[in-house]
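First chain A sits with chain B, and in the next complex the same chain sits with chain C.
Presenting the complex of A and B:
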């Protein structure tokens, strides 16, 4: 009696594709969103801080103080701008004309040569956390250079520490962000659109009419989800191509491993979208719930922007129940590190568990809801 | 009241319902309802919103499983599964007709695919049904561009695509123009001529008047079931009178009359009143008194009078 009929599932799919094609909003969101996001994150958002406005007050006006300022000025990280008094330097910072102020006291050179140890003051605008970290790290590296230049000789170092960054030698933030975008784009397309499409059938009453025909719940699920699954895959392919060609981001891993991760993640989120629409049955609520449970976590708690390691302990554990976190690891490691399937087996295991779990819960709820 | 339900089991019975109850939690949406519908009959369900009409129809279409009761539709009993029922009936819901953003052809072929019609059958049925509803618009018209009445007719065609034995129409004419309503009903009559069983719910009395038999529902129960004329006779055994006031009346006078013990029924009807009395003798005594104030003439009771008396009366 309960046989799966491909023709009925295909009919549902075909109808869904027609809905998508006739709805410029959905189609636009599906096609333009990945492009828009990649360009936005790739071009506009720059995590590498450059050209920080630095106001300087050189009360010493000696060769040593000028050498110190030169070191800052030639670093490319700072744009220098001199003021006559420390008071005005502080005013520049509080008026937000400068991010930081460097104050060199009189007798800087004298203290230096007397061996008393000279002091220089650095005031950093702490209200913008995103610049503080980079600025401080620049300052410390400039300090080393400046010391040598001021002393005019290279002190024999007891050891030489040379740092090399693996996988992303220039610490290019795009390399880090764009592979993660695949997660964000997919989560928007899969969970949101799925939640909306089925809630819409409930809302306008057409689900009832579907059910008055001999169509089976499973045929509706497969038919409804297939087009959105395809859309998700297409969007990821978009992101991948733009990442590789426009931004020249390397992909050193195995494409099949990455693809498998995509597929697992996609199915998990499609099922989650299905579950949301079954539970809410209203497009507006479904939308909010999809945002809350799908998009927010994949943006904020997956390690996309904020590193999981620096979260409070509770959240570090909390992220473990988010499929996005595991897929984020897979996406980044396949792009940049070139991890093999076995190296990522932990993430794959977690993702598979969520996938199976979510599909089971969603289809059971859906079927129970539809059966008379 | 007359609960005339023929207890036959032959193949001339299209719908057979015995002691059907549907419960949502503690609430009985349908409470021990019994009736049967003959093949080729146009059967109407009349009742206020929430009376249980739609719930009953949803059970009969296999969309809802009853808490108890025996149901047999188009020769298929529910023990054979909902799918067996679904393939025998057509359903037009009150909430939804067709997908607005698809074309007529896309809507129909979607339904045909869900019903597993092969292409040849689908094409033949589509043409038959378009002839039937006299539809001549291009097939690639987007449904959104159709008028409400046309949409409803195409939707009827969609529900008839698989040539069902029984078709359930849940308030099919809600929200369309009077002209479209009467056209839709001429289609329903044509279906009946072709020996199709039509099961229809409605709010409109003039539509109910066109049914072979009607069931009046309230609070999940059938209060009365008969032909329109039979209902009028049984509910109003005494003649129905129309009172036309000679002078405008005050509210006090109206309410005094409405509660007068001689009347079993007294309801305003525009500027006039429809009334029926309890006994001939009682009426003859007070008649001269009323004739002073009103022009009184005898009329045939309308279905609306029946509806008000049974469904809207305070006593259950």
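Presenting the complex of A and C:
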């Protein structure tokens, strides 16, 4: 009696597919979300900061001070606007009209030609993390350029450092962000959608109805999850195609390895979604829990933007229990590095363990909750 | 306020807070989240696995390597491979220094030292920082070891970082995480609350009851404004006492900024709810809004670099205004015109969305 019958699972699946198709709004949102996100991220994100608003107070007003301003202005890093006093320059920064202030003292040119060394002051807004780092590094390169241009100071360099950026030679921000987006997109769709749909069945009692039919619990699970799995795969395929065609992101690895990673990750998160729905049985709570256990970690703690290596030791270990972290490695390395299955075996092993574990816990919990 | 409205608000609050799990999600989770993400995430790059290929006579490169490891940014890479490229490809090292043939020290003596640095650039931000850090370390080491002291630059740029001189990451990140937590708990909750009634059919009952349209809307939104505001003291306390984020501006300004923000997000949630029939749709639609909001807020990605059209979008992003306000009030003490402008913009956004949802409510009820 306890045999798994594919036909019954397929029937459950068919109902779920009809359910999804009948609601074009949800389907549209589920498919539009990945497309929308990839295009937005692809167009909007650029970590190489340019056009930083810089307010300038030039109290010297000489040829040298103007050439210094030229060096800042022609670097493309800064957009300059002048103010009459240092006090107002600081005020521009605190009113968010400028991210940095450059203050040139009245004796700038005189000090420079006296050979005493001329000093200018640069005040950088420390409240905005996305600009402060780059601005600090630009300043030192402008110092070199300005010293050469204005004071003809050009000592021979004792050595030269040649940096080769492997796997992303032009440091293109898109190459970095978009492969990681596959993880974020899948985590939203799989965990959230399953948690919500199944929680709804509990909420309005149709799950109990389903149980009184001869369908086995495992058949229900497989039947319910399969369509959402397919939806997740379609979404990733969208991301992949847009990434390759619209943004020209390379994919040097093996597509099968990436696909296997996708499947494992998807199954893990579907099972997690199922578990959430069984535990909560209420859509409002299921949604919040899905967000906290799936979405936020896969956005913030998976290494998507914020590097794992920089976290405190405890969190570096903590991220190991997040499937998203392992899949992030697989996604990035297959896209850009071209790692083989063998090189990624650690990540695959971890992902498989979570996958099996999550499916076991979810089905267990599901079955137990069914028995009276 | 009339009695119907008060009853309405009371019912909504009771319903939300009745569930113990919901109480935990609403009041305990934000604190945990803020602590967690405040501690864990940062833009600073640390613990980069560095390898250098050098023999015993190459003293300068050895010093460079040892200095790097001694600092807080680099840790030694463990690798069986000897080839620099393979080390990085296999994922054993993030950066490898390769000297010219014969060693870096001897090349320096000859005067044509080309030191090669290979960096794994899959993480763009990390790669940039690695190059910057190493440039400084190498420059310093070469200067010390070779007794080369080039004269100082004739132009000295004396740089000072205002408002966050030690570049504490938590000072950057915590206001952003605060804003993010508040948007989730207000916008999504308000949205779901209305859609749930539609889904269960109780909404029709509400329409037939002797309450006016505005009472329904206010009764459904005010409770979530209250809930969102009740989150603020909690997360503010964590920010100030746990993370030592300075609170330089006035608390009253911060409260009014938060109120304007919460009103806007609840109103947006209400507006979205008028387009949705069930909770699944409502949640997905919520995300379609939250993601761009986070993106255009300037919390993770610099706004200056976006195409101008997209920068315009950020003017309509309540999160961008609120994040700006939080940072300005907490870190800079609140500059009057800036704070006033942005609170006004938030209020205008709130009014606009409330008007829009009034219209939508009207049509859906017909």
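The criterion applied here is as follows: the second predicted complex is superposed on the first by the 352 of 372 C-alpha atoms of A that agree within 3 Å, B and C clash if a C-alpha of one lies under 4 Å from a C-alpha of the other, contacts with A are read in each partner's own complex, and residues count from 1 in each chain.
The rule is simple: contacts are C-beta pairs under 8 Å (C-beta built on N, C-alpha and C of every residue); 3 or more make two chains touch, one makes a residue touch a chain.
Because the structure is predicted, anything quoted here is derived from the model rather than measured.
Once both complexes are superposed on chain A, the partners chain B and chain C fit side by side without clashing.
After overlaying the two complexes on the shared chain, residue contacts for A:23 are found with chain B and with chain C alike. By the touch criterion defined above, A:129 reaches chain C but does not reach chain B. With both complexes superposed, C is the one of chain B and chain C in contact with more chain A residues.
Using the contact criterion defined above for the overlaid structures, shared-chain residue A:200 touches chain C, although it does not reach chain B.
Using the contact criterion defined above for the overlaid structures, shared-chain residue A:281 touches neither chain B nor chain C, since it reaches no partner.
Of the two partner chains placed by superposition, only chain B is touched by A:213; chain C is not.
Of the two partner chains placed around the shared chain by superposition, chain B is the only one that A:5 touches, whereas chain C remains out of contact.
When the shared chain is aligned, chain B comes close enough to touch A:14, but chain C does not. When both complexes are overlaid on chain A, the residue A:244 reaches neither chain B nor chain C. Superposing the two structures on chain A brings chain B to within 11 Å of chain C, judged by their nearest Cα atoms. Shared contact residues of chain A, touching chain B in one structure and chain C in the other: 23.
If you check the complex, the residues on chain A that touch chain B are 1, 5, 7-8, 10-12, 14-15, 18-19, 22-23, 204-206, 208-215, 371-372. By the touch criterion given at the top, residues 58, 61-65, 81-83, 86-87, 89, 91, 93, 95-96, 99, 101-102, 106, 109-111, 113-116 of chain B touch chain A in their complex.
Against chain C, the residues of chain A that register as touching in their complex are 23, 25-26, 29-30, 32-33, 36-37, 40-41, 43-53, 68, 90-91, 93-96, 99, 112, 115, 117-133, 136-137, 139-140, 142-144, 146-147, 150-151, 153, 155, 158-169, 171-173, 175-176, 188, 192-193, 196-197, 200, 280, 282-285, 287-289, 291-292, 296, 300-301, 303, 305-307, 309-312, 315, 318, 332-333, 336-339, 343. Within the complex formed with chain A, the chain C residues making contact are 19, 21-22, 25, 29, 33, 37, 39-48, 85, 88-91, 94, 104, 107-108, 111, 113-129, 131-132, 134-135, 138, 142, 146, 148, 150-165, 167, 169, 171-173, 184, 188-189, 192, 196, 276-281, 283-285, 287-288, 291-292, 295-296, 298, 300-307, 310, 324, 327-328, 331-333, 335, 337-338.
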